[in-house]
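Below are two complexes that have chain A in common, paired first with chain B and then with chain C.
For the complex of A and B:
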């Protein structure tokens, strides 16, 4: 790991100590004693030294000042947190009313207090979470105001807090934030709506999904899953939407819906996935998502659509088709899977086929491969247990 | 004639001085802005919330181990205790000649298991794959010796997750370090690699594989490296990250998209700077392919590592780093000033190539010319002193900015006495330490041209011991 430490290379600079490299005109500076006549170079150097010295001193003073201030603040906050924690634990135990704590918080402590509560709010559920929300309620009007702040980071934090502590009355603010110009704010609003909104908000969330196509798909899927099982019909509709002319969806939205249905283990989406595979799923990533969905919730009767995808020209579609056959296939698929294991150009497809063969209890092609001189012998050997 | 040559050489070296230090001053400004923005981002981010979702991608930690019988159990336990919900640990025993494998067997109840490779990077042959019966997410791969890069490639071959984290066996990841490192991958799908900050563990208290109390080392050499690491990671990483031109991700702690690393062919085994070479090759490949990608740095994702505490080991390390840097720069010099490679080719690469790789030569040339000029009587006293002061104060200013940024942002050194020590270190290191470093780097460059490939030595005293 080259550290590449800044090195000022002062030895090089020393060369300029010689007068000849920069023979600048001399500037008369009366009253400086021995430096009465200072060369231009020397003057530049003196000014530079002074400037760097000033930077060093200012940096030093800031460091010490910040250090002292943070130490003081740390002490104050610790005391503050200890008091809040003791009161909060009493409230969570039902021994105190929520107002007892929220009334004790001064206006300048609000933001810190909500940050403090946030840690507990993400760790508890049910009645305890309701109590924490009751403690935070008096501060939410101010939080909602902050969703109109000019700074996106403040808006994002406000949306996050409304999600965490808010109730149905704050849903309009979250819905409005979906159209926020800052992606971080819109993303938090989407997660908030998915978590807190009614299933009907699924339409709204889905309409905004394309905006997040650069975000990790697992994250987007995870947010959609928060909508819950009640939103499954809307997700199914969106997944199949290219068939409907009213509200066509992008391939990205459809594949995220397929993934969310898989996470929800929505068995009712299997026939639709089969029919999409057979009819109009052109996008390879969508096809792969549908194959993953079928592997999770499909049945042997869906296997023909999966088998057809084993001949796809896109390697990752073949990978998922081969894997899905491990769940949906039968002994009749041994030749197809063995062919993928031996002949497919992609090692990943071969591996998926081998795993599916194992799942179906059809291990003889793997054993034969392990004993052969085929280039994939090591792959097969890796799948057969070894002794230590 | 001699005067004329000296004059032109001086101008050339002055250019180097101005470019190098101007570059660092500029980087310090960029770094300050980037850290302020990052602090704002953190205000609206909750790692608790991230941990409470189930959408974090699985990560495989790959830790090569070579003759680590004394520390392998402790460091493996440390890897297993990382705060991340979906992590698998792959320890690759790189043909150790000691009892590393036996220690791992005893401590973790290993049994032979089926785990087919998922990629086919060329590596030395694998003797066996084992799974722990105590920790099902711990796997040990026993292979023939092939070096660190070869061991990492073996780990990549057996990695089943989309992301892998390359680790040094002596590195300790701070609690939320991994989840912070994953964040850029979640935020932007085009992210292919992310580096975290490496800090000096010497002097810190380590319990159960975690740094529980941060302190400065007692010995001078590791202490000076604390300041060096601060400067290097703030200016050399945060600054370049803000400019979109991260060329280095430390081999001790970096998270990579497995698919991209396999696509570029994994780590090179014929270089001692395999970590930097991989990142530069990824830049080159992805730019040539026209792929949209990001290589990022996360300044609050911390890993702690033991640094050399003797001159001999430090010299060997710096020699190796300089060889690795020179090797990488020369291998990919096609990128130099090449607009096809964007800001990487036109800004970062020239900076690293000219100023960092060959900087030590210019530095020493400076000393030689200085001696000649002195002999010729061409140097006047006031100029000599003032120039020394400029260079000295410039170094002190850069170091002070690094210290103030540390205090303003992540603030790991909380003891006032230690902070004062940290603030005075820039004054100490100018006399001797910097010159030694330049000399070691020059020797490293010389070793590179002599085609030396050895790794040198690293003696570890282990965590929990004094320095």
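For the complex of A and C:
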């Protein structure tokens, strides 16, 4: 039925074009007028309908063509991946040489092949990862060329692939990419160097950290932790760098280094964190990071610096100081923590103090609070065991 | 006099059967390929609920489950399945020490961190299959 209307329209258009309507008798139509008078409008409508139909048919054919092409491509890619997967599993099992697969890949398949390999390379380590890298090796020269592409997305992908499949010979390309104008490229280069570079590259990575201050701090810290324990002395040096005149670092860089040292559980950084808290850590976020670090790796001898921060003007510094005392404090801290629990203007500081009291086994201030008519009674009740 | 009885044939089959409940397809492929090459009969699922149903229908010698499996997580499976029946190894990401400790506390016999070495993981799984096999054989000796 939908086709009937345009078909009729086309027939009428042909009749009109054949000049036949010129000989039509004038048929008076009430309210509309003679047919000849509406002929022009009708002609326009018919031509428009026809054109619309034509466009619809062409669009439909294109859609069907694209759909068929996509189906064909999906099928081809699936077959391709199945063949690669079978060969790759044989290579990983040591039953085939790596070049048995890389030789079978044509240049137009290169990018797809490296994407395919990448999924496996991120899943394995050890001998299997070495074998996957051997499979990818013949394509790395072309990948390195792509780090000079005009498109940042291509450069970023190339840097990521060099990180995943490359070796020491590709480190200069990663180092150069740290200065790439595109942040995504520099970020991937930073992660690559942290993961694959020698510990000495930590200096270079740290120098570029400020560029990533808008990225989630946990991600930046996580990338820095990839440098490993061997880079801890360099991280410590950067954390304390405001004390040295050679290479002062921003508060952000020092904070990230403190966080990374905490993640690495670097016990050697505790004395430095203590002296930084006592001397020059002006930035509240840096102070909070140093307190978190001390909570993880500090000892009772570092507690004086932590106690001092319980009087900080900044609530979140007091929160972390109170929490750190739960690990580093002693029974002598009962009054200080109880005072925070009862009197601190921030309920979060009070909660931290209560948790630390609980960790230290000093539960009497919490019990007393729970039995009182103080406004924080419910906070104390929530922390006490049900049987108490 | 003690009489030694071999496990029934279906029991022997069970002990060489592993269920891989892993959502990450490449990890599942790598592990299952290695296990199959070493003679273990592998069933693969990608959902915790399907894993539980498969276990109910087909006895398995070992279950390797993603710690973060959709449907039911590996941790939930640990809590819901009878202890060591079968032994459960969890597969999770590196650096999540709290989760690893929790997994062992709840009865996991192993925890494989990603990225992993399929060779080492296969050796680990096969070792547990052998231990389970020995334990089952002991339990049928009277």
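Note that the second predicted complex is superposed on the first by the 318 of 388 C-alpha atoms of A that agree within 3 Å, B and C clash if a C-alpha of one lies under 4 Å from a C-alpha of the other, contacts with A are read in each partner's own complex, and residues count from 1 in each chain.
Keep in mind that, in the parts below, a residue touches a chain if its C-beta (ideal position, glycine included) is under 8 Å from a C-beta of that chain, and two chains touch if they have at least 3 such contacts.
Owing to the predicted nature of the structure, the values given are computational and were not obtained by experimental measurement.
In the superposition on chain A, A:122 contacts both chain B and chain C. In the superposition on chain A, A:219 makes contact with chain B only, not with chain C. Contacts of A:361 after superposition on the shared chain: neither chain B nor chain C is touched. In the superposition on chain A, A:181 contacts neither chain B nor chain C.
Annotation for chain A, partner touching more residues between chain B and chain C: B.
Contacts of A:89 after superposition: chain C is touched, whereas chain B is not reached.
Once the two complexes are overlaid on chain A, the chain A residues touched by chain B in the first and by chain C in the second are 119, 122-123.
On the chain B side of its complex with chain A, the touching residues are 3, 6-7, 9-11, 13-14, 16-17, 20-21, 24, 40-41, 43-44, 46, 48-49, 52-57, 105, 110-120, 128-130, 185-190, 198, 228-229, 231-232, 235-236, 248, 250-252, 273, 275-276, 321-322, 324-325, 352, 356, 359, 362-367, 369-370, 373, 378-380, 382-384, 386-398, 400-401, 403-404, 407-408, 411, 414, 416, 419, 423, 426, 434-435, 437-438.
On the side of chain A, the complex with chain C involves touching residues 85, 89, 92-93, 119-120, 122-129. Chain C makes touch with chain A in their complex at residues 24, 26-27, 29-30, 33-34, 37, 114-120. Those residues of chain A that touch chain B in the complex are listed here as 1-21, 35, 39, 41-42, 45-46, 48-49, 52-53, 55-56, 59-60, 62-64, 66-67, 70-71, 118-119, 122-123, 151, 153-154, 156-157, 160, 164, 184, 188, 214-219, 221-223, 347-348, 351, 354, 378-388.
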